[in-house]
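In structure tokens below, several structures.
Note that subunit A is present in both complexes that follow, paired respectively with subunit B and with subunit C.
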Partner chain A sequence: MTAKRIASVVAHRLAILAYVAFALFPLYWLLKVSVTPNKLLYSEGIKMWPSRTSFEHFEFVLKHSDFPVFFKNSLIVSGSTAIIVTVLASLAGYAMSRFDFRGKYWIVTLMLLTQMFPLVMLVAPIFKILSPLGLTNSLTGLVIVYTAFNVPFATFLMQSFFDGIPKDLEEAAMIDGATQFVAFRQIILPLTLPGIAATLGFVFTAAWSELLFSLMLISGNDAATFPVGLLSFVSKFSVDFGQMMAAGVMALIPACLFFLLIQRYLVQGLTAGAVKG
Partner chain B sequence: MASIDIAAIHKSYGIHPVLHGIDLEIKDGEFVVLVGPSGCGKSTLLRMIAGLEAVTDGEIRIDGKRVNDLAPKDRDIAMVFQSYALYPHMSVAKNMSYSLRLRKTAKEKIASVVASAATKLGLDPLMERRPKALSGGQRQRVAMGRAIVREPKAFLFDEPLSNLDARLREQMRAEIKKLHQDLGATSIYVTHDQIEAMTLADRIVAMHGGIIQQVGSPLELYDNPANLFVAGFIGSPGMNFFEGRYLATGDTANFALTGGIVLPLGGTAKLADGSRATLGIRPEHVILGAEGPDTMMATVDLVEPTGFGIIVHLKLGPVAFKAFTLDRRFLGMHGEVAVKLPVPNLHFFNEEGRKV
Partner chain C sequence: MASLAARNGGSRRDQRPLKKRLADASAPYLYSAPALILIVTVMLVPLVLGISYAFRDIQLLNPFSGGFIGLDHFKTLSQDQNFYRALKNTLWWTGWSVLLQFVFGLILALLLDKPFYGRAIVQALVFLPWAVPSFLAGLNWAWLFNPVVGPIPHWLFALGLMSEPYNILSDPQLSMWGPIIANVWWGIPFFAITLLAALQAIPRDLYEAASIDGAGPVQRFISITLPFLAPTIAITVLLRTVWISNFADLIIVMTNGGPADRSQIVASYIFTQAFKRLDFGYASAIALVLLVLLITYSMLIVVLRQWLLSKD
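And now, the complex of A and B:
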């Protein structure tokens, strides 16, 4: 039995290792290319690590390109989208989870329906709607579009977190003297922090890496987000891979920081001990 | 403290009726226990009193004031949930003081009230812990503490002890009774547990199918059940029932069981000659090893010692019934035994199941 068990554990670990290597290899390559000096980029052939590393690409991107602007725009758009969506989705998800109201079924159906269309189909109509409002070529327009597209899924996500919190808790709070809203804010919301963190993270990364709408709605560099900015390293005759990869590595930083910040909540089971153990 | 009046309460969930006209007057300081099988609407009734469930029809008054449309927070009652429903992100002290903090009570007042409740419940060393670091019994106490700090008009309990083991349940039962004697608060207590109902209640309300079957003191329900449901529900092991036909012959009567056996009754009951009826007798009233007239021979099926006494499973022809005795002579019993069903202890129920 033990030999068999050890074998199965080893096989399990190896499978995980293979998966992690497969998933992380592109990131590794990104890093590798970004630190490879231009001279070696095409001359060395395919090597796992360049014989000499340098930060020249990073320096160039930070000092001589519009990348800092893209970066700032992306931060503003993704951050606002994540916050707005999470607030809306928390309220809507709570209503979905706790209240019975007329038309609930139809609202859910409608929300599901919005998730079924390929985004490409919607680009032209959305452009048509936003342009007379002066919302093309503006960060506000992007935030509105991203919010609209992310709210349905985020609502379902938040609803499932609220569903996991026993109803007894807010009933107890209401008997203790709270209104339903106070019970929501003081009792339920603190227990949903893992869910809120997950939603924030999900929406933030979705907005951070969105290219299609950003590309279609924004022209010029002032309001471009960084995925669009990355494309500016592709010129007519060549692609500046080193600088592009350096920009890519820097673009990873906020996402990593963000997940570091929220991972405490993601793994925590805050509801433990609420009801009988 | 307050009285609670429940008048002609109906409740439906959509088209499904759950409560069919409940009338109940609970006096100030009374301890009322609701019992009944699962799904009979006990929790629903309790939640309507708390304001957690809308009233479909009828009126609920607390202290003479109609509360049908008041929010739970304005009814000034406390409730202990079966799941305890402690706030997981708050310490024991914060859990207990939450209601007072919501009411903006002065800090010193909160501290003293919470401290005295904690002492009363033996929670002093646990005040800074989170609920997840407590045992089931300790959580139960915190839930009680949360209810008593506020001195509400009434306490509602929905099966508060059903998640505890037998020993702890016994202990908490006694503590709840003591607490009630101390505080004298009007209390409504829902339970499945016979013993809890019998020991705690001033009055028991037996419910079945959304209808009150009988209201009375524990012994009234035990000695004089109004119908078959109450007779079968109260008491453990439960009352024996024999179905059959009542046959009167002058001033003595017989009871012909459906299996063909005729029980001599040695007296009469208020039933028409030849009518179908059910005869009930509690296991502890069945006399084993009886002598003299009106005895019958029954077959011993199974003997269950409980330590305190012995439950004997018997058969009269095809009809099974139980006897309970404290006499250890019957431990090794097998084969046949003479039994007697003493007439004063018999309960007769007519065809509709009402006691006659």
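And now, the complex of A and C:
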């Protein structure tokens, strides 16, 4: 190995290291402050690690705050949204992948359009529509809204997974007498399980992160999702940094778990999309 | 009907009974119906309703509001200094966010394209910010910029860039940069993932052939990598531009448009009007202007694409 080659390898590793540090530092700091006892928070403000750690903030947040309720609400909303979207998107994605029909062009156009226009436009009208139906301040209302927002993207995603499965499989089953729907359910869906898992993960993460509509539609504490609860906590008790960051770490956990789940399919899924497109 | 079917069937007469044929023709619609109904009722209907609000006086707290007022909102809007500032800020916010995300995303993708020990773990770690919920990314960076618990003001002070450690989010001149930096941190993975996928689709033997012909790394990058990446880059940048110009979460969480509306972009201004002032009519009028601007932008891209295609 020549000196020039070694230098380039070292530069490559250093650059990678810089990226990892930049990506992780904010999360590291969140974790650090959440385990710093209040007494040390101000005296050891910018030290990289406190001289003593404690879980007092986590204990407080879990026992004496509404965050467990917010956490549960967010889990219900994101979980239901992910499941419903995946079911609807599998059906629609299958139609897009396997059928050639007259309305297809318009359906695809409609779905693409929903990805382009500013959703913030819908904040006011959706509030006006849901309010008389009793769906504001309700988790059901949020699930309906999030489901609609996520279905188009999930449909494209599922379509790309279905496109990867040869058509002969269900044709063979149909020659043997199965209807197309039975072939879809019993042969194609099981083969798409990784894709279904990825779609679930994508939609769960999106619903878990949504902010504007949950702020607008939810006002009380009972139906508050995590972002609503955390932001109202921040504006009310803006000095309890330790507790806020402990709550932040809690919000991070499910998102990271789902990320690890879909991580493998990120590049794979996008490559499939790129080759096809 | 029967003759029509016979004609459609051409020489080979369609042997299926009518019921079966109807069922087959409606199958794709049945599969996509639930998704479509939901999209139409929850997105299309509110969109049309929202456009009508732009011409009506709709204030949530005023039960007597609701009448049509024509173009009054747009007259107010044309004299609203905060709106013009928000427009300018939207360009600033979108331009810098997209540029920095793209440049750092491309560099990251190129770094990850080389095989090295531990690449899978590194990839998971550098893509992690993408999984962080946007409200949490905003709060997290707001805390980093806060001199009470965050290190950044102290670092800038130590470097002599700040006369004393203070919060840039409360500085009218600099507050916009807080959300931009958070956005860059959050969005680099998206570009890196997309570009890495495109990089890995480039046939490896092209590089081998080029290096046998004596092309250096820079030459290989310019004459092989860039042309192959160009379509992906163009599509990703154009789509992300629209998406980021509408992305208000970080601004709402970090500065709430402040101080004194200095870091407001159009999307966050719409949200503030609807959420804080509960003035749905005015919010919808601004939203309509934003929609028209975005449609114009998209049309320009379509025209540009046609022009480029016809040139070849």
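The working rule: the second predicted complex is superposed on the first by the 232 of 277 C-alpha atoms of A that agree within 3 Å, B and C clash if a C-alpha of one lies under 4 Å from a C-alpha of the other, contacts with A are read in each partner's own complex, and residues count from 1 in each chain.
Please note the rule applied: contacts are C-beta pairs under 8 Å (C-beta built on N, C-alpha and C of every residue); 3 or more make two chains touch, one makes a residue touch a chain.
On a predicted model such as this, the values are computed, not experimentally measured, just so you know.
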Which of subunit B and subunit C A:12 touches, first, second, both or neither: second
Which superposed partner A:143 touches (first subunit B, second subunit C, both, neither): neither
Partner chain in contact with A:35 - subunit B first, subunit C second, else both or neither: neither
Touched partner set for A:82, first subunit B, second subunit C, both or neither: neither
First, second, both or neither for A:200, with subunit B first and subunit C second: neither
Subunit B versus subunit C as contact partner of A:224, first or second or both or neither: neither
Subunit A residues touched by each partner, larger count belonging to subunit B or subunit C: C
Subunit B and subunit C contact sites that coincide on subunit A, given as residue numbers: 270-271, 274-275
Sites on subunit C touched by subunit A in the complex: 25, 27-29, 31-32, 34-36, 38-39, 41-47, 49-50, 53, 58, 60, 107-108, 111-112, 114, 116, 122-137, 139-141, 143-144, 148-151, 154, 185, 188-189, 193-194, 196-198, 200-201, 232, 242, 246, 248-249, 252-253, 267, 270-271, 274-275, 280, 283-284, 287-288, 290-291, 294, 298
Residue numbers on subunit A that touch subunit B, as the complex places them: 166, 168-169, 171-179, 182, 187, 190-191, 270-277
Of all residues in subunit A, those that touch subunit C in their complex: 12-13, 15-16, 19-20, 22-24, 26-27, 29-30, 33, 41-42, 45-46, 88-89, 91-92, 94-96, 99, 101, 103-104, 107, 110-111, 114, 116-129, 144-145, 147-149, 151-152, 155, 180, 205, 208-209, 211-212, 215-216, 226-227, 230-231, 234, 241, 244-245, 248, 251-252, 255-256, 258-260, 263, 266-267, 270-271, 274-275
Contact set on subunit B toward subunit A in their complex: 50-52, 71-73, 77-79, 81, 83-89, 98-99, 102-103, 130-134, 136, 139, 146, 150, 163
